[in-house]
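Below is one structure; the comments refer to it alone.
Each chain carries a letter (A, B, C and D) given by its place in the written order, and its residues are counted from 1.
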């Protein structure tokens, strides 16, 4: 089992629409609002009266469709789209979704967000039975399972296939006569359903896409659910009853856009509550609050309001950082860093700063920002994190697969504080996080997956079991 | 006198460095932090022991130098750079700066931020004497004046030329043996001097560039001053004594980066004070404060702190909006608008919102945002603007050249409120603005140019005099 | 059975090398000399000690590898490459070869020139057994057949797969430990083997690639043969004994480069002999010979020498025609045509011209060139064609699939002469063609496939049988 | 005086049209047929009722106008265009023509083919009087001279300016109300006038452009002539009477397209006569004639017909060579060479070959081709050149500026033969060349400039005089 394969199957965004004459263009608008979920590649597949058409490529959505002809040709009244997360592994257009499967008797498209935990086993078994995979992505597996099912009808085939894949997944499939959305039994990844004024049905990883296209939210897809959309409307079904909500808490903490709602909770508002709770858990004296732009601004707002400290713009992120091809020499490395983020000495000089960030992974970024603030004259820098310490890998769709990358897996809070050079370090408590998010549910952990914080995974790990065991033993440090 | 010519000479950013082995790369980093001042084109010109080399093109800095070889070839220990503002007029690489002038006996480079008010007269006179201009920019005029001066030495020629051009200008010139910076007699445009640890001297439109490259601010260039930098250090001289500080107040309100300091005043801090003052002048009941991202966030912070109202993220700006080539159809226009900015219904629903913006030009953007907020469920939208009403054109370097484009030139505050659909509309007072900025100076208006608010220009308008008169009479409305 | 699928599987070029440290670069040089065989896309796949690496894209080879890094990364001592023919059908990078198949237990690459006549049946059957195809190309079928074979060893699997596919094919497969080349039982497509001075073995569609890389020709691959190249050298085997040479005569007439040798016959020399024979069959008076550049120049040389008439440059092809994006308006259509080819009035004025071309398909080009010559002043234009009349479709790898496209399928020679506006029209006789080429063989038709001329196909047509029958009946004309 | 400046002003193509609604598109077609005269850059400037519009850029014409919008925007009924020769010097869009000069009282465009011999003196003098040049090209000088003339009317100014510039030049100027073409007093460069059926007048470097757009040739511009085209038709005038035809013989030998006529002589026909004459001057036994493609094919035809030897395709030029970005390693250098040109062993093996080329400059190419032929098995290679030995530089528009680059300046014919490895070497005699071309004129040397062959320049050399003297003395060899 190689790491290369696994690191390719991570965080992404999916969108689908059924029943609108501008299906592909609306998918473009929807995907645009999901661009933060993946920047490596993008694609749209449309269905024009049974003819499936697709355009996909590496790059941002606007680059992929730089030539408007590539969007114009995607005619039809239904479409699905995908934005793909950039990983270190093999970058190839073969892995860009939606995938398109053509047969002599049918055809369909597929978009997938998540990570399967039994992909290796399934692939190996399928290959031994003659299957050929055209990508190194695990998203293709479902199509093989559907085609090889002996169930006599299509819905039966799909349900059988869904019951065989394990892990985290939100799928959107586009057939000639219907669109199908499905979620894993724990609902690890978000997926919402909306409706447009003309009756068109839309499905999206996040509700922010609904605001953009003027759709109204209906409800979120439930764990283990399968949603069938066709010209007769929406039909809800399920492929399993063994379900329990455990949505990824990192969606609220970091991934999702602040204007999205997930399971009835607005993300910005949840983050403000995390900030307020963090302020209550924070035990130090300080003068000002400074959020690390852009992801921590909501947390900083909540912290400032609760603590009564002024919220200041002590760190500036350059908005033109997306694509710089100039590699600074060793001597100019520091300048390269400051191109993206700079501390405002006029704001922080002589101040005791509470530096708010959403999370700490390796700690290198935090260390750098603390240093920027101190060089700009901050007298003290107290780091307060809007989430608990990340100490365990994720196997359901986030790109953290080993404990070696995680500073909190290898160091105590005090060690971490010293490494990043802060005057204090405060993490939000797990309970504080759960209370702040506050999904209405009876599921354990408030319906959240918090396994990266406590190592308690809601499902068996299948092919990753061995990796995980080894990971726990190795516990080596990368700061020496 | 055509408008085409004038609209080409607007807001830009300039940077220069003398005495560093990585001069061009540091200029790249410096310009990168000035990118907000101009996105149409960019260029860098370096001086390698008397050999001037240049690369310039249309597009963002990172696009212009997408091929690193174009930066690597700019060897030498001094350099100047320029980022150019995008205007509706003729877009051509001929107008991208720095300009490079080569003669059989010498050569020099030139970068210019500002707008000359006697450009037409000077051009006409020079052409009648045989001059040929290679651009439609007014920035080229200074070079002709320098070359045609009968003064026997170079500094004399430059001073003579500077005394002939009128209006707003910050120039950086690069000669084989020196770098020269010069500011107009009113200091309309900002220009600061800094020093690096190795002794290299840097000049920049804004001090944020100094943070990026690790330079220390020395002081701002004074009105009417000419600064000569060579291997012997910095020398301050002046070409006129008839000076009076009147720096563009829009630099504090909108243009400059929050982390820059201008004439000793931090821009973010000034904006917070404007927000606090605006809160004091605001006379309505409300529940939450929502700043229009990104330029109004500091003002919103100040308003929220002073008013005690919570500061909320009720509007989300998509960070991936820079380059969309897809033109929405008429039917999809609204979706196109929401791609860039969307209102967060989870935040604003049922709330009386104070919507904070930095300024109103035509009013179309404000009208759209008010509508977004109301559609997202805001019960009331009170628009509060961090600056006075823009009612008069600018001739010193901002791209507002006719009153017809300005809603406040043609409508009362109450009419404007109705047009934009707000429940109330509050502008910051001129005195409130001046007090909030608070430059230490004895100059009138606190050292600020506020002519766009009161029509009282600090200088004669020269070639624009007639345009301005006609503009006052026409006073037609574009909202009918 | 749709036409879309068939039109994607046409004329291409393949190249392979085993045992050279610069394998990918030499493949680049080799493919460059095969570029005339396909301009839609290109790709190279290398083998670095068992690790297969690939780069492929739409466009000319030089465009696909515009960024040299894409070639540099293809390390290893063996490689295969492919250039793909441009067709009207679906253009997608998915169809660009070499294909790369990765499994948990092995991996291999595949490049294919030719067209399978039982592709539809095989695809349908494989899909019913669960196979998923990732391209719309028939080249992928062989990989599925190999993987599904129950033969216990790899060579057995490959032989079994080769015996199942029908039609015209030259395959090159690259495995971790060997390179395999195979030809169909009729040898419809050319494939030659060569050796470099360092012992490296090369395989190529045409021998012109050997000249370019300094390799020496060993021999051509025989019908039904399978060639295995590994570190122990070359091994010749076969998967069938039911073979009979029927190489595509259009390779000699049009496709192949003049400097290539096929089955021991130099193409330029064969064409000169066709020209000489054509001169003997030609029955008219004329003053000068003018070849249509570039493909007919050899034929024109042979005609001129045999006839004693001067060979003149009466038609000029612009060498800069590859990529013009300007679409002439209806009014300017004629100018657009002349951009590519123009007649030299100084040469043809008042002359009785023998216009030599290699073949006539629709007749539209011939009609246009006759008109150009007459407008330039030619008193008579006698069209002499270096091949017999094309009257039947090809199913073995040439992009002529219906009789409707062929003027000679629907019109007599005299009708064709009138349509193209010539004073006379002479086709080379089939016997004349066979004698001119002169392969040393006992096979019928001198070892050539001449089915497009006489409708006598050397194999059953399988999936195309029905199409062909229908085609014979329809016999409609497109000139009315 | 630096060489950098001189090497920028070389061989180019110009085109102009007055009086056609599709002026810019026809200019595109015309320039396309002149692309062989320059591939570094291209531009078109149109005149839409007094508004001059332009697009220009680096690259081939089809690349410069890859986006059709750039051509569509060039509206108007008159236009001029330019294709620029690629030189080693500074490549910059600033040097791409047509130049566009805008003044407050007028504007005009300028396209120039040729080289001025007093450019340095004129530039220096103009700069001392305040002029600023925007390019490093000498083509800009004429505009400065026109603007500074004290002559009261425009035609007077233009004539005065034309009388001040020396050397070789063909100018096309486009004013709001007229198009002006002018030729130097020796007519060094070709320039022809044509007419379209709608009455539009066209001017072009070569008549091949007339064929492409369907225009009829009227006559060639005469030395010292100035042609004025406006809505009243064509008017012929002159700015000097001191004229004598000395058209560049290299136009017939190498530069011009075979289908062009210059001063009444068809270029292909002239080359055939050169070949026939060369055959008469050739004194060796041989079996076949092989022309170096593409420029020597006409000469080879003439040689073969006169000698009775068969004309064979013994060398093949790959038609896909224009843009290869792959740099072969030192080991693969030979393969890189063969990518462009390869010898056909099937044709030349065992034969005594007459290798025909148009000219020899450094001799490196000839040496390489001789080697290719011998490696392909030619028993003897006799090199026969369709022009006399190039031994002196050109200062009128060809990029040969020093004797050091010319093998014939430093070596006898026998030495050259040994260096290139040929069995014999035959140059065409100067008298043979003059007779073969055969312009109807009383001018010396048959109206041709043959100074590169005999060193006898038809004009003073002005700024180049000193360079030339030094060049004669140095006479160093680059083959040692």
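Everything that follows uses one rule, which is that a contact is a pair of C-beta atoms (placed from the backbone, for glycine too) under 8 Å apart; a residue touches a chain by one contact, two chains touch by 3 or more.
Small disclaimer: the values here were computed from a predicted structure and weren't measured.
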Handout entry: Greatest separation from subunit B - chain, by CA centre
Key = C
Completion exercise
Rounded to the nearest Å, the gap separating the Cα centres of subunit A and subunit C is 49
Practice task
Provide the C-alpha centroid distance between subunit B and subunit C, rounded to the nearest whole angstrom.
Solution key: 61
Exercise for the section: Report the inter-chain centroid distance for subunit A and subunit B in whole angstrom, where each centroid is the mean of the CA atoms. Expected result: 38
Practice task
Name the graph shape formed by the protein chains and their touching pairs; answer line, ring, star, complete or other.
Solution key: ring
Handout entry: Listing of all chain pairs that touch each other, if any do
Key = A-B, A-C, B-D, C-D
Problem - Sites on subunit C touched by subunit D in the complex - result: 22, 25-26, 28-29, 32-33, 35-36, 60-63, 65-68, 71, 208, 211-214, 257-259, 261, 266, 268-269, 272, 294, 297-298, 301, 305, 310-313, 316, 318-320, 322-329, 331-332, 334-336, 338-339, 342-347, 376
Problem - Contact footprint of subunit A on subunit C as seen in their complex - result: 93, 101-105, 120, 123-124, 127, 129-134, 136, 140, 143-144, 147-148
